[in-house]
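Just so it is clear, A, B, C and D label the chains in written order, and each chain counts residues from 1 on its own.
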Amino acid sequence: MIELENVAYSYGGGELLSDISVKLAPGSFHFLTGPSGAGKTTLLKLCYGALLPTAGVVRIFGADVRAMQRDDVAHLRRRMGVVHQDCQFLNHLPVAENIALPLTASGRDAKAAEADLDDLMAWVGLTERAQALPPELSGGERQRAALARAVIMSPDVVLADEPTGNVDWDMSQRLLRLLVELNKMGKTVLIATHDLSLIRAAKVHVQARVLRIANRRVQLAGADL
Amino acid sequence: MNLGLGNLGALAAGDTQADRVVPRTGFTAQLTLFAAATMAFLAVFTLALSLASGRLAARWGDELARSSTIRIVAPQDQRAAQTEAALRLLETTRGVQSARALTDAEQQALLAPWLGPDLALDALPVPRLIEVIEAPDGFDATGLRLRLQAEVPGAVLDDHTRWRAPLVQAAHRLRALGWLSTLLIALTMGAMVTLAAHAALAANAQVIAVLRLVGATDTYIARAFVRRFTLRALGGAAIGTALGMAAMLALPRASDAGSVLTGIGFQGWHWAIPLLVPLLAAIVAFAATGAAARRTLRELA
Amino acid sequence: MNLGLGNLGALAAGDTQADRVVPRTGFTAQLTLFAAATMAFLAVFTLALSLASGRLAARWGDELARSSTIRIVAPQDQRAAQTEAALRLLETTRGVQSARALTDAEQQALLAPWLGPDLALDALPVPRLIEVIEAPDGFDATGLRLRLQAEVPGAVLDDHTRWRAPLVQAAHRLRALGWLSTLLIALTMGAMVTLAAHAALAANAQVIAVLRLVGATDTYIARAFVRRFTLRALGGAAIGTALGMAAMLALPRASDAGSVLTGIGFQGWHWAIPLLVPLLAAIVAFAATGAAARRTLRELA
Amino acid sequence: MIELENVAYSYGGGELLSDISVKLAPGSFHFLTGPSGAGKTTLLKLCYGALLPTAGVVRIFGADVRAMQRDDVAHLRRRMGVVHQDCQFLNHLPVAENIALPLTASGRDAKAAEADLDDLMAWVGLTERAQALPPELSGGERQRAALARAVIMSPDVVLADEPTGNVDWDMSQRLLRLLVELNKMGKTVLIATHDLSLIRAAKVHVQARVLRIANRRVQLAGADL
């Protein structure tokens, strides 16, 4: 699905990430962890083509990101669900339309998927807030909406950056279950989080691998969690 | 991105979904409408000015600039002979299309304002007048004067061109100024719409980021903005044109005497020309916003 | 909020810290500059038009509108007597300031274009001309004509007013139109700056939220925006005025013949008037942005 | 310091908070918890005068918020440090200037406080990022900057909304210590969070009271934590 080969990245100063090789196989479930500022968000952005590596090769669905046109990237994004750390919405459209946005943007009929949309909104507990505008949501509600938007197209890959940073424990378990379900349907999942208890809880449901960024490298974290 | 002029039609057809993803951006929208309306209003006036001064230049040029007068001031008994001599001379002058002596009745009409209508011209040593119509290239006034001096001592060439040419030239210059202003106004409108579109796009960086995140192509994003701004410019320009034409109709009608100053207005089919203004505004806005969108999307990449 | 006009001075002094907290807002800034420059450019032209047509109206009004001619067409022996009679009659006519018979030399000069300079007027039955200067209120042309008909059978009143009045009126109308346009341009600039300021403020809702969160007063926030926009309008208007005056200088100079059309320009101390344009623009921008800021801050409360 | 008396609040629909009476005494340390969407952020906004109660009375430093002019609110804010859930910065100014913003906005000389600023930046681990613009920060870095900005004026009251949602455990302990230090200097502190382990950890250092929002009411949470 997504392959990083000897990838390095720098925002202009020193290298933030060096010589990183990661392969997200189809149907795999990964956590990405590491201290604040280590580069979790940066690595995720490399994985969905929002940043181009300063060295090495990133392949998404087999295609080298550096060879892509902007419209190619747009088409790839339709097969990926991304949850940003700072959730971004169209503030002038109600939550329900924001969640359905991937459908409209790719020219599909949002009406046809209405049943799915309703189910999903119910699962993340936003049914009552469906017609609210994003600025009228609470922090946790926004995060749930972002996750719902990421999975509405049932994409091949879900990349989620701190999807549970602002929700309480019960809700974080619900959101995790949603991602586990998708994984069981064969989708690839990568979750960046600093919350080790979330990772521990997930291990009960799913065979997850934990990647840890430290000192500009990615290591496979062991049983020390 | 595929945003050629051919898409202008497809644009009008519309896509309600794509429309919704771009926020209304209240004040930038009003600014665009307002700028387009103002510019269209001005365009209507400068167009009217150009057309009116074009008419003026044409009229003066045709009727007046090409005629001169020769006055035969001679004792009563030599007048007829000298007139004959002058007419013969004019026949062989390059650049003279035709020449004829005025009849007594015509001269009387000309002099009436000064001398009253009851003059018996035969009895008076009033000069005979010859009207000379120039060929399009005109004649060499100095050369003609010299030849007349030699052959027809009593002839005086009164060259209207000397009087009229600056007026005609001024009218031409005014017309050129009018067209130049129209062009400048079009450019100004283009610049304003471009800046407004840029401002709107820059203010909507987050909207663009979200749309990209969910897999919208740049064409889709650009089209939403371009459509919005083109329609706004069209609407604004239509309002401005309507107001401009209404103001034009409300202007005091041209009296004959003051026509140089108040004759600004449309005549006949010229009334159709200002109707092109909104169309041109839409095309300018379409091109300007398209360029702005392409640039912003490239920068935000 | 304390944003009275008196603060305009304090504003110019500046506060670098307050300046930094408002982002440059690139395109809205350029739009404001551009709109101010365009409007100032136009204002310079309409001002010039107003002043020029004012001059024209004054000249025509003074020199021409108030003079008429009476022609005494009579047999040679009765001319002097009838002229005398007409002059006496005019002395007792209300609205006539003065009247005098032209001398032979003057009449010769008038007729020279038509009859040549060598006429012996004494020997001709040429009418005698009387120049009548009206009092400011003018006289009753119809009444005068009737009285002349009764008492001086050979007198014909040639009333220039009939010819000139519409021209003077047209010039007056043009001047009024010019001032009206200047006012409209000022309003347009005010509207554009207001809209641009609103757009900038709306786009900076987050900046305002942050500043409020850290305890900035509304006066502080408003002043930062108002200062930014006032200086921009001042700068833009200065550029536009300079360009407008340069264009005015570059215009072909008024030839005598074409002065009606090309005499648009400033004369003497009138060149100082357009220098007021940037100042007025700054005041308009100051007032407009202040209102916009107060409104937006109230709405975002 | 801050008193809520029989306060109710509604955003227009049904009541979100009803009949709430809370008193934050000078020098007290409070946590505010409750499920996502319960009204934690709303209650905080009532406490710093960003929202006016639909019923009841809110008094800040003894003054009724409903009787205040906008400039009065501005002056009160200078005695309060607030951390928003979605951290808001001036994106065109470097982080250091953003943190010093409360000083400049109240007309104080930021230069004089430079030593304090440097200490604070070091404590929250932002020394190296001092000249970066806010959009160039990681999620956790932004949260730390927001907390630093809230305490730079050493305000009488600190109100922090999920100040540790995006940082790892070690960093959250550092941030907590900062607030505990302030509390020991006599400042009043209120932290809204869904993270119960943070509350448990705090109890070691400080006598904290825990308020819990449930069913539109605020209860004092007991030993069940």
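List of remarks:
Assume contacts are C-beta pairs under 8 Å (C-beta built on N, C-alpha and C of every residue); 3 or more make two chains touch, one makes a residue touch a chain.
Going by UniProt, the chains are A, D = ATP-binding cassette domain-containing protein.
Predicted model, so just to flag it, every value in this text is computed and none were measured.
Inter-chain spacing, taken between the CA centroids of chain B and chain C, is 23 Å. Here the CA centre of chain A is 67 Å from the CA centre of chain C.
Chain centres here are Cα averages; for chain C and chain D they lie 62 Å apart. Taken as a contact graph, with one node per protein chain and an edge wherever two chains touch, the assembly forms a single closed ring in which every chain touches exactly two others. Under the contact rule defined at the top, the touching pairs of chains are A-B, A-D, B-C, C-D.
Taken together, the chain C residues at the contact with chain D in this complex read 17, 20-21, 23-24, 206-207, 209-220, 297, 301. Those residues of chain B lying in contact with chain C across their complex are 25-28, 30-31, 34-35, 38, 42, 53, 71, 73, 110-111, 113-116, 118-119, 124-127, 156, 158, 163, 166-167, 169-171, 173-174, 188, 191-192, 195-196, 198-199, 202-203, 252, 255-258, 260-262.
Against chain D, the residues of chain A that register as touching in their complex are 11, 34-37, 40-41, 85-86, 125, 129, 136, 138-141, 144, 161-162, 165-171, 194, 196-197. On chain A, the positions that touch chain B within their shared complex are 70-71, 74-78, 82, 84, 88-93, 97, 101-102, 104-106, 149.
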